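Each chain gets a letter, A, B and C, in the order it is written, and its residues are counted from 1.
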């Protein structure tokens, strides 16, 4: 189910231990692990809050990009040499050593481009929709985002407050702030 | 994620007791290995003496002896730099590898006399393109001084870094010459400061001298013998491929110590994983230096350059070049880019074996080819002579040289602990596992 | 890192976003001044296009001189970014944190400036389009891939694109902070650029992987770029150029000048943005130690080039080196380059007191780049101007004209202006990197001493 503002809420915390407690409480209350997200202004050690490990397929992108770039480089170099078969410097018409430079750069360019696309895609960006968020996250606060709380908002809110949340943000408040 | 200390927790006292009790002991099965190595080493020595007795001509017959020397200097005498580099970078993952690397300094006992013997077999030097420019005594005197100094420096580094462990053996009452070797070490603050400073200075000098040592070897026993061969990148290429082979030797030694020496608690995943990344980088550098040599030579197309390409790359030693390129670059690259292979013990060990064989083949290619055309100054050759295949003396030297180094390595292990005990204990002091909220993290201290 | 300060996130945000969100008066003067110098450079270029290459000092056989020296120099400076950012990221060096973005931005602007010079050098840059973009429309012939000059655009374009994307990806978290701290059109702009980055665990995980993966991908590109630039010279059978060591020699020279440029830049940024809490003497100490290793390696490759240049005792090579080392005015430039590139700065860097002194690091790193510019000049001009076989090619000493000097000065102004404008809009020190350093900060008690430590993942 997609995250929409109406079924999501964000709890704001000061302390990493409180965040871990909140996640435990929410899971105990029946919320699925993959619907809970921790927001922070800096990366924390993996698994620090007991969150579910994130799976991704980023490593596929550089390989596909490299393959595409290699093909373009090969086409360009072989194609241009065959199109105008001029002997220069005694070198063969299809001169492989010089071709390798352009093919290599094409391969790396393809790998880089696709890797960046992959990073943006796997980060689930762009994410410009209305999701509960608070600028205090950027000031060092930690957030626990419950993405699918439809019909159970009160339950989620109770679990967050009991864990020590200093504020709860829902869609309406998030919009009001903007 | 790999941690920066042994796989199973171990205390400093346990490590001290465990590592020191191995000194002076002969593990079951090693007696047979030592005997075989000794026989091979002696056979190699006999073959070398026979070669000397038969005179310097034809020069081509010295190619395999020169290749053995090139291989040993590359794969063994560069290993102390592996130890020094991890110390300089304060990489705790490298602690289990340092002693295994430094022990290869004993190879200087084999390479020094072999180098000097080969210097006497060189053809006329006056007027020859050389790094010495007809300097008096060159190359015999200066190359001899260089290899002697280089070997002594390596042995000095080995001794210096082992001294605290000799003292520990002395204090534990282990039988052996440890009282004399410790030279009064009692572990005062000043002694530690002098030791640390000395290792840095000596290691730094060893590192700085290393590329020049490779230049003398590669150019005087290789490039200068080939008419028309002038390549500024060849000496750095020889040095970098030497470092690659040295790291491979260190990894193989560490794997052997772990498996046959029962050192699994000391040599875990982290050293292999850390070294695998560097091995990948060095394999890429191997390609880079090969390409730097090849590209201007191929592009220039002067008669001399065409001759060099034929002799060293595409002519009688084509298969050696293909094998060397595959084992030093293609296979290591294709294997080590995969996480499951890189983050393991068997993966980097297997790749290290490939690299070591590749380096051996590469030295065969360079030196056998060079000595096959070694002749008077100013000679001009149209085409490369046919492949010079090894005879029985060549095979005995090729096997005997490395056997002698391994023999000396095993003998040294009777007196020097295979893991640097004082650095291992230092690593235990500076690394911790701590809980962090709901996970456990490795904490690494970085003192000044 | 011994000088670790406690830097809570609000302070980090205040300090590092101050310049982006508020505009001090001096910015306008600096931008105007640099802009004026750039404008003079553009005017100068206009004169070149109008009157032709005769306004330069170039003449047969010296067809490559100051402009190509500048091209190679700026490509060299651009190697700073990957060296500092990528290699230190891969080795998990903690001291990289405040330095990475400045180095990456220096890379982007240096490389973009460098790419202008071959185009300027053509005199009629619109005709170079066929050479830069491989289309068969200008003369009915495709660019010849066998030429080293065709490998250059492919390498530079790849490196420039890769570096720019590297900067952008690493900028995403900081754009989110800037969005949260701003209002009005700034908020909308940062919000759009941040792509909705909210700092979820997934997004941070991918940021970490992105840093490592992009570093690993861009490292081989970084090595290839200056190698390919060196091949512009090494492929030619010109005494003094046709050397197999040019590729690694150029690359290590680029790293030398690039890292020195980063040291210069860090000293300037620390001063003008009052970043004493973030750029500490520890960072200059680490840069200095790196520079000792890099510069000594560079010296080794220089000696290889020199040694093996005269190794074969070919008359042409000997004559060329004699011109470089003993003949006026190149002998003076050669001496200055050796002194400023190695002999003066390195002894300073051997001492911890000097390495930790920001002023010493600033002046020595500046000296290095004076030397490295001269090194490129000595590499390029003497091999072209020495007395070749035929007397009709002999010429008096090549003398650069004012037009060339102006273009060189304008290039420095262009790079400085680019970095100034970038740091006006985006934070020049990565906020999240500093904050991550604070998260990973630990201490280990050994006896009575608390030793600084760091969490390693």
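Rule of thumb we're sticking to: a contact is a pair of C-beta atoms (placed from the backbone, for glycine too) under 8 Å apart; a residue touches a chain by one contact, two chains touch by 3 or more.
As the structure is a computational prediction, the values presented were derived from the model and not from experiment.
For chain B, which other chain has the most distant CA centre?
Farthest chain from chain B, going by C-alpha centroids: A.
Any chance you could check whether A-C or A-B wins on number of contacting C-beta pairs?
Looking at A-C and A-B side by side, A-C shows more C-beta contacts.
So the centre of each chain is just the mean of its C-alpha atoms; given that, what is the distance between chain B and chain C in Å?
Between these chains, centre-to-centre, one finds 35 Å.
Go ahead and note the Å separation of the Cα centroids belonging to chain A and chain C.
Between these chains, centre-to-centre, one finds 30 Å.
Roughly how many whole angstrom separate the Cα centroids of chain A and chain B?
Roughly 44 Å separates the two chain centres.
Going through chain B residue by residue, note those that touch at least 2 other chains and give them in order.
295, 299, 436, 441
What parts of chain A, by residue number, touch at least two of the other chains?
Correct list: 44-46, 49, 89.
Scan chain C for residues touching two or more other chains and write them down.
In chain C, the residues touching two or more other chains are 220, 231, 455, 457.
Across the complex, what residues on chain A touch chain C?
37-46, 49, 51, 54, 56, 58-59, 62, 76-77, 79-81, 83-84, 86, 88-89, 91, 95, 98-99, 101-102, 104-106, 108-109, 111-113, 115-116, 119-120, 122-129, 131, 133, 135, 137-140, 143, 145
Touching chain A in the complex: which residues of chain C?
8-10, 13, 134, 136, 141-148, 150-151, 154-155, 157-158, 161-162, 165, 168-169, 172-173, 176-177, 180-181, 191-192, 195-210, 213-214, 217-218, 220-221, 224, 228, 231, 431-432, 435-436, 438-440, 455, 457
Sort out for me which residues of chain B touch chain A in the complex.
Counting only chain B, the residues touching chain A are 294-295, 298-299, 301, 436-439, 441.
Report the residues of chain C in contact with chain B in the complex, numbered from low to high.
1-2, 90-91, 94, 220, 223, 227, 231, 234-235, 237, 242-248, 296, 300-301, 304-305, 307-313, 442, 444, 446, 451-457
Where on chain A does chain B make contact in their complex?
16-17, 19-20, 44-50, 89-90, 97
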